[in-house]
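Worksheet for the structure shown next.
In this document, chain identifiers A, B and C correspond to the written order of the chains, with residue numbering beginning at 1 in each.
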Amino acid sequence: MRLARFRACLALAGALFLTLTPVGGTLSPPGVQPDGPEPPAAAHGKPTRIMSLMLCNDLLLLMLVPPERIASITYLAHDAVEALMPGADRGVPVNYGTAEDVLLQRPDLILAGTYSAPMARRLARRAGARVVEVPATNSFEDIRRVVRQVGAAVGEPERAEALLAGMDVKLARLAAERAARPLRVVAWSGGNSVPGKGTLTDAIITVSGAENIAAKLPDTRYGSFGLEELLAARPDAILQGETRWTGPSLRDSQTAHPLIDRYWRGRVIGYPDAAYTCGLPQSADAAVALRAVFRGLPAESPAW
Amino acid sequence: MTRLQAEQLGFRVAGRALVEQVDFVCARGQFVALLGANGAGKSTLIRMLTGLARPSAGRVLLDGRPLHAIDRRELARRRAYIPQNARVEWPIAVERLVALGLMPQLPVFHDLDAAMWRKVEAALAQCDLGHKRGQPADTLSGGELARAMLARALVGDPDILIADEPLAGLDPRHAIEGMARLAALACAGRLVVASIHDLTLAARYATHVAILREGRLAAFGPTADTLTPANIRTAFDVTASIHGVGADACVDFRAVA
Amino acid sequence: MVKANRHPQVLFVLLLLLPAAVALSLAVGRVALPFSVLIDGLAEPKPNLAWLILSELRVPRTVLALVVGATLGLGGAALQGLLRNPLAEPGLLGVSGGAALGAVIAIYFGLAAAFVLAIPLLGIAGALAAGALTFLFGRSGTLTLILAGAAVSGLAGAGLALALNFAPNPYAAYEITTWLLGSVAERDWAQIALCMPFILLGWFCLAFTPRGLDLLTLGEAQAESLGVNLGLLRAQVLAGVALSVGAATAMAGAIGFVGLVAPHLVRPFVGHQPSRILLPSALFGALLLLVTDIAIRVLPTSNELKLGVLTSLIGTPFFFWLVLHLRRLSP
């Protein structure tokens, strides 16, 4: 008698367990389309529910399509948007990059980065979406490639070309007006590594007419760098990523090392991080702004 | 004149009285054996007599002064205490262990001088440990460690020596030797108070006996008068018979019928 | 006669090795400067590169490594003496954890950006708070003290995990974790000057403990009977360790195992008496940490190895060996 009841409880528990596990999930998920062949992109017109899972893609998306066609962008985007294009994300929903978000928002196009792509691909079928993996950008050529790729994916190739044309105009102007004297700079934010050859920061610095000291370091893209190297290299200016709007971090305190204050006062240039890590048409603006700041630097050389 | 007086001593913990209304006086030249069943309150009484435990009631007077009013170091110079199962925590040399007994007499930041090392030598000799002076203390046998602790207690030449079960775990020969040393110390003019379980040894060597029963002092006085079958029966619930006197005394006991 | 004291010879050797290590530390760095250039730099008009690197980077780094190492060695020796436990070390009382938590709070709430010296101050505050908490709950004896220390360490660890969980951006989490790994590089003189008084005060407190620690060899009861005020001794050790190790951790991050290893390595030479290992442990801890810091600069790794990582890599096998060794000794 007791044994029978125990077996019944066990069976009930097992049934509950099965329905709650992923295995059970695929048996009868509520409200999701059954498996089938990957649906084609919206046959007539452009994707209308675009979801972006990566910060850089968020920004590109906001520049290419109106907010009504965006299903969601990541929660990290807001601070960057405030810095680069204030107000552009008004009314746009936000996602946290989770599988639930993807399934709930039913996008028809997912823009993913290298790390979010595998998950996006897994969910794409069930969500009925197309996944476009956008690679990282390390040069202006990469920027052109990526903007065209995203422009094509969201169905706005003309807007993409327009953005790139604007960028190319600025780059051409920078190349034409050679800087008075090539400055030696390094982008050092107090940590142990600096961006060297093959990074977007290096590309921006080069385009702005300065020489990136770290490009000569033997290491691969991010070189090892400390205060000793800084003193020995004697750059004319130091670039420091402004992380203030993404919250405090130790870098801010370390960059206040007295040596920097003493020998590089008035030669420390802050720059918004997003413009240097995300390959955007705005990267040309960053180079232009940089050149303007360079022109304003004092002429005398360091004390030794 | 060394005089240790317990005045209406009491000790309570969590509502229970471990020791109650203990009153006695002992003086130099006496070897007081503290007897009592397990849990009778011997260790608690001893801790109050040394000054390490504050009595809940009454006080302990040393030469008329309450213990808690005496400066720690001065008290340390006058009375030595060997607790139950004394252990050494680090494997230091025996001579250094014994030298620790001189610390109360040494000003802070000073090191031992030649005169003090001579005292250490003397204490080692007195306890038959001269040949072991350099040996790490954790390699000593039970009896040797007991002797080392005694040497540590004696090196400072205290007036009072209080020992809690100094014979615990010692074989018969070492037990007898230990008792003989304590008795000799008393003869030499010190006051020795020790809790003992062995009734025969107490009968042979102790000058005075204090019997504790359930926290109260059942009897106190010279051994011959106090260590009687009746008192033993009250304290230990055993039938005893005592043969011989003084150094030939022997206490025979068996369970109550 | 009394057995010959090996003490003076060991101190002599240590005092010889230390200047050699200091010289090496000043000569070695990421920018290779030949010794002649360094010497010339002292004479040439300032500022010049060699002088800058020496005075602003290598000398503070060397001084910090020595001071932190000495503090950890001394703290470990004092705690092992107080707790009569060869596995005791400053991290045990939760002091290092409290200091780390204080410093991380300074970083997390942006105080460090506003006020550069916030990290050391909050680190010291955290260490004192943790030490006081341990002392408050661990009054009734050695075992309770160790347990209270473990509880406080756990509390600090939970706080750190919380801070990491709620880190506003990945950089913050990375920076916190990197800082926790421990480093003596690129600290400025102002920070060192702020922390030194606390460290010296801690050393001062510990300077009064040798007698009491020696007497604790006989156990608490006998020590008390020999005139030791146990409560005061515990307070002195705790305050000394909290102040000195707290300030050191606030500057250099969490560096472990030096406090455990240094006393053990000097014991074969100076014996086991607690008072005799205090100063040698401090000197040896200083030497150990300085040599480790030199090793970091010399080892050809792409990212600079962190000090705490290397001490852990060396210290953990030692810790295991110690546990096995003690198991073989005890019944």
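The rule we apply is simple: a residue touches a chain if its C-beta (ideal position, glycine included) is under 8 Å from a C-beta of that chain, and two chains touch if they have at least 3 such contacts.
This is a predicted model, so every value here is computed, not measured.
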item	value
Chain hops separating chain C from chain A, counting only touching neighbours	1
Per Cα centroids, the chain farthest from chain A	B
Whole-Å gap separating chain A and chain C, where each centre is the average of the chain's CA atoms	41
Length of the line joining the C-alpha centres of chain A and chain B, rounded to whole Å	80
Chain B-chain C separation of Cα centroids, rounded to whole Å	44
Interface residues, chain C side, partner chain A - complex	29-31, 47-49, 52-53, 56-57, 107-110, 112-113, 116, 118-119, 167-169, 171-172, 175-176, 178-179, 185-186, 188-190, 302-304
Residue numbers on chain B that touch chain C, as the complex places them	50-52, 72-73, 75-76, 79-83, 86-93, 95-97, 100-101, 103-104, 108, 117, 133-134, 136, 149, 152
Chain C residues within the chain B interface of the complex	2-3, 84, 208, 211, 214-219, 221-222, 224-229, 271-274
Touching residues on chain A, where the partner in the complex is chain C	191-193, 219, 224, 226-229, 231-232, 243-244, 246-254, 256-259, 303-304
